[in-house]
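Pasting in a structure now, in structure tokens, and then I'll have a few things to ask.
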Amino acid sequence: MKRRVPLIIVFCVSLFMVIQYFVPLDSLERVYRSFLDYTIIIGVFALLLGIWSLCRVNYDKIKRKSENWQYAIITLTGFFIMTIAGFLSGWGRTDNYLYQHLFSYVLVPIQATMFSLLAFFIASAAFRAFRARSLLATLLLISGLVIMIRFVPLGFLSEPISDLAGWILRVPNMAAKRAIIIGVGLGAVATAFKIMLGIERAYLGRD
Amino acid sequence: MHETIQDSATVTLLWTTLGALLTVATFSFLYRDNPIYKVAEHLVVGVGAGYFLVLLVYTTLKPKLFDALAEGHLWYIIPGVLGVLMWLRFSRKLSWISRYSIAFYIGTSGVSIPLYMYNNVNRQVSSTLDLGMGFGSLTEVWGILIVLGTLAGLVYFFFSKAHKGAFGGFAKFGILVLMIGFGASFGYTVMARISLFVQRIAELEDWGAMLIAYFFS
Amino acid sequence: MNFLNRIVALDRRWVFLFLFVVVSMAYLLRNYFSVDITVTKEVKSIYDFIEKRNEGDKLLISFDYDPSSLAELHPMSRAIMLHCFRRGIRVVAVTLSQYGAGMVEEILREVAAEAKEAYGVDPQYGRDYCFVGYRPYPAMVILGMGENFRVFFPRDYYDTPLDSIPLMQGVRNYDDVNAVIGITSGTTADFWIVYGNARYDMPLALGVTGVMATDYYPYLGNAIFGLIGGWKGAAEYEKLIDRSADANAGMPAQVVAHLTIVLFIMIGNIGYLLSRKSTNAVS
């Protein structure tokens, strides 16, 4: 009951999803559509679970006064202000002034800036770690440099460099990424089969 | 569409200043990890979660579950119940029931079997063998190089046979091709990261211009 | 030698400061530089596709990105939308990214106003464009939309039933739009290819971040008909529609930043080679 029923559900649903791809019957398509619909609804509850966990972790942090607990207050305050603002406009409406402005002037700038910090770390890595230590590292370096300088105005060199960059992208890069895509495809199919047949069952957790 | 509320110049400036200060607070991490950065970091987590919660309720639960049930589509009780069962994960005794919901969700991944096989394998193999899809005037020559490179890359990822002799040599050619591909990715990544930084500078410039316009004109 | 060793051992914050100052200056002084952009085949094919459409044709544009990649993808979103409005192409907008909805609302409003100012057209919500909203789990949503948009989007983002929006009347699934353009960061681009194009065979083009761009070249010609990669791709599109905006404005800073990083790599490698030489000499 605890493990066998979920394994049977996975097998039946997986098998159905495979069969409906090959058998274009109206009745199967109706069930398929419902399955897609149901999956999202179930998934939303999982996402809500994640949000609940975030609140609980932060609440526990404050309650236990663990390290840096003061910042947990900021997280929870931000969460509650945003949630209340969102629900203030009336059921189903997201046009609350505070909700929209907190998104545009708090969430957007912080998130965009956080990711922009990566520019500095990549520069530092280029300075310290990007070395031509071996043939492989040298190839990586040359290919990277060609792609980087392809739009730098270099007079008569610009055109050949731009052509070389095009060749790198459309020939060796194409071959490299194709090998990865085919490998990923075979891996994904194998994993999906293992899940369907109950060989891979980590999602069940422990008893 | 939603009507936008037109803020006065002062209110707009105040909001923009808040955004600019948070940008600077986040940049302060470049000097070292510090309390100002931590405030911004924790604030974005909370605000982001709140934004997402409201969005989930209004854009998914409301139209797909509440409205559907209200309109008499009682079948929607099934995903609703399965969704609620997910929350039993918090109960020590009953957490196993949540596996039913997870099993249904995981089961739908079966749809990926034929699609990944077709897209990632069949389609890519047939495109690789199409020598006319090479590059420039020597398209067939480069087409053959793509075939060899793809094959060698796959050989490199094949670990069930030791990489020795001719097989090992071909695998070595594979890793050379892969390295050129990764180099190209690195080149593009630099552009991507710099773009993010330049956009923040552009925002700060706009804020500066707004301040000057407000106080000096 | 000693000097190079000291440079290589420098506190990384000096590297940060140098990059910050140089790139900021290049951006602020952008009007004194111009960077010539070469338009690539993969970007041109998207432009050509839209250019060949008739007035009233429809495109589904999916804005699947968060503020974290707004810098790269907003410029291409703007350029494509402007091109559509100029040509009288109707746009059905959707987002499969959790923080996308707020940004899509903003960009639709801004681009509609910009199109009015630049081209004298007046795109109206419901007639020329609409925003169906956001749903989580992109793979499932893409599959569902292939059956019927109404499976997941019975109403638009503003809670209006889809059937009462003039633009959406008669639009059932991908068969009723001329193409899908996914402007995407992250795995949603793969989902559009696998669950969208491979399953429903609709014409698909992608606009992706620079980090992702090289990964999608193998799909050109077999799954996607065009590809816009990062800021340079956006700058190419701006050049094609003859409207220099954010991406072109940032190109001088991009050039300077790239040269700075190339310089860093060279200094690091010269230091490394010299130190290896001296180690060999000692041993």
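As written, the chain order gives the labels A, B and C, with residue 1 at the start of each chain.
To be clear about the criterion, a residue touches a chain if its C-beta (ideal position, glycine included) is under 8 Å from a C-beta of that chain, and two chains touch if they have at least 3 such contacts.
Just so you know, these numbers come straight off a predicted model, no measurement behind them.
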Chain whose averaged C-alpha position falls nearest the assembly-wide average: B
Compute the centre of every chain as the mean of its C-alpha atoms, then state which one is farthest from the centre of subunit A. C
Chain-chain pair with the highest tally of contacting C-beta pairs: A-B
Whole-Å distance, C-alpha centre of subunit A to that of subunit B, is 4
Centroid of subunit A to centroid of subunit C, CA atoms only: how many Å? 17
Can you work out the whole-Å distance between the CA centroids of subunit B and subunit C? 13
Taking each residue of subunit C in turn, which ones touch at least two of the other chains? 16, 20, 23, 68-71, 99, 101-102, 135-136, 140, 143, 152, 157, 214-215, 218, 232, 254, 257-258, 261
So subunit A residues touching two or more other chains come to 36-37, 39-40, 43-44, 47, 92-94, 103-104, 107-109, 111-112, 114-116, 119-120, 122, 126, 141, 145, 148, 166, 169-170, 173-174, 177-178, 180-181
Among all residues of subunit B, those touching at least two other chains are 2, 30, 48, 51-52, 55-56, 60, 64, 108, 111-112, 115-116, 119-120, 124, 127, 181, 184-185, 188-191, 193-194, 196-197, 199-200
Contacts from subunit A onto subunit B in the complex sit at residues 2-3, 5-7, 9-18, 21-22, 34-49, 51, 54-55, 68, 71-72, 74-83, 85-87, 91-95, 97, 99, 101-120, 122, 126, 135-137, 139-148, 150, 163, 166-186, 188-189, 192-193, 195-196, 203-205, 207
Which residues of subunit B touch subunit A in the complex? 2-3, 5, 15-16, 18-20, 22-23, 25-27, 29-30, 38-56, 58, 60-62, 64-65, 75-76, 78-80, 82-84, 86-87, 89, 95-96, 99-117, 119-121, 124-125, 127-128, 134-136, 142, 145-154, 156-157, 174-191, 193-194, 196-197, 199-200, 203
Taking the complex as given, what residues does subunit A use to touch subunit C? 29, 32-33, 36-37, 39-40, 43-44, 47, 92-94, 100, 103-104, 107-109, 111-112, 114-116, 119-120, 122-124, 126-133, 141, 145, 148-149, 151-153, 162, 166, 169-170, 173-174, 177-178, 180-181
Sites on subunit C touched by subunit B in the complex: 13, 16, 20, 23-24, 27-28, 68-72, 98-99, 101-102, 105, 108-109, 125, 131, 133-136, 139-140, 143, 152, 154-155, 157-158, 193-195, 197-199, 209-211, 213-215, 218, 221-223, 229-232, 246, 249-250, 253-254, 257-258, 261
Which subunit C residues qualify as touching subunit A in the complex? 8, 12, 15-16, 19-20, 23, 35-38, 40, 66-71, 99, 101-103, 106, 135-137, 140-141, 143-144, 147-148, 151-152, 157, 159, 214-215, 217-218, 232, 251, 254-255, 257-262, 264-265, 267-269, 272-273
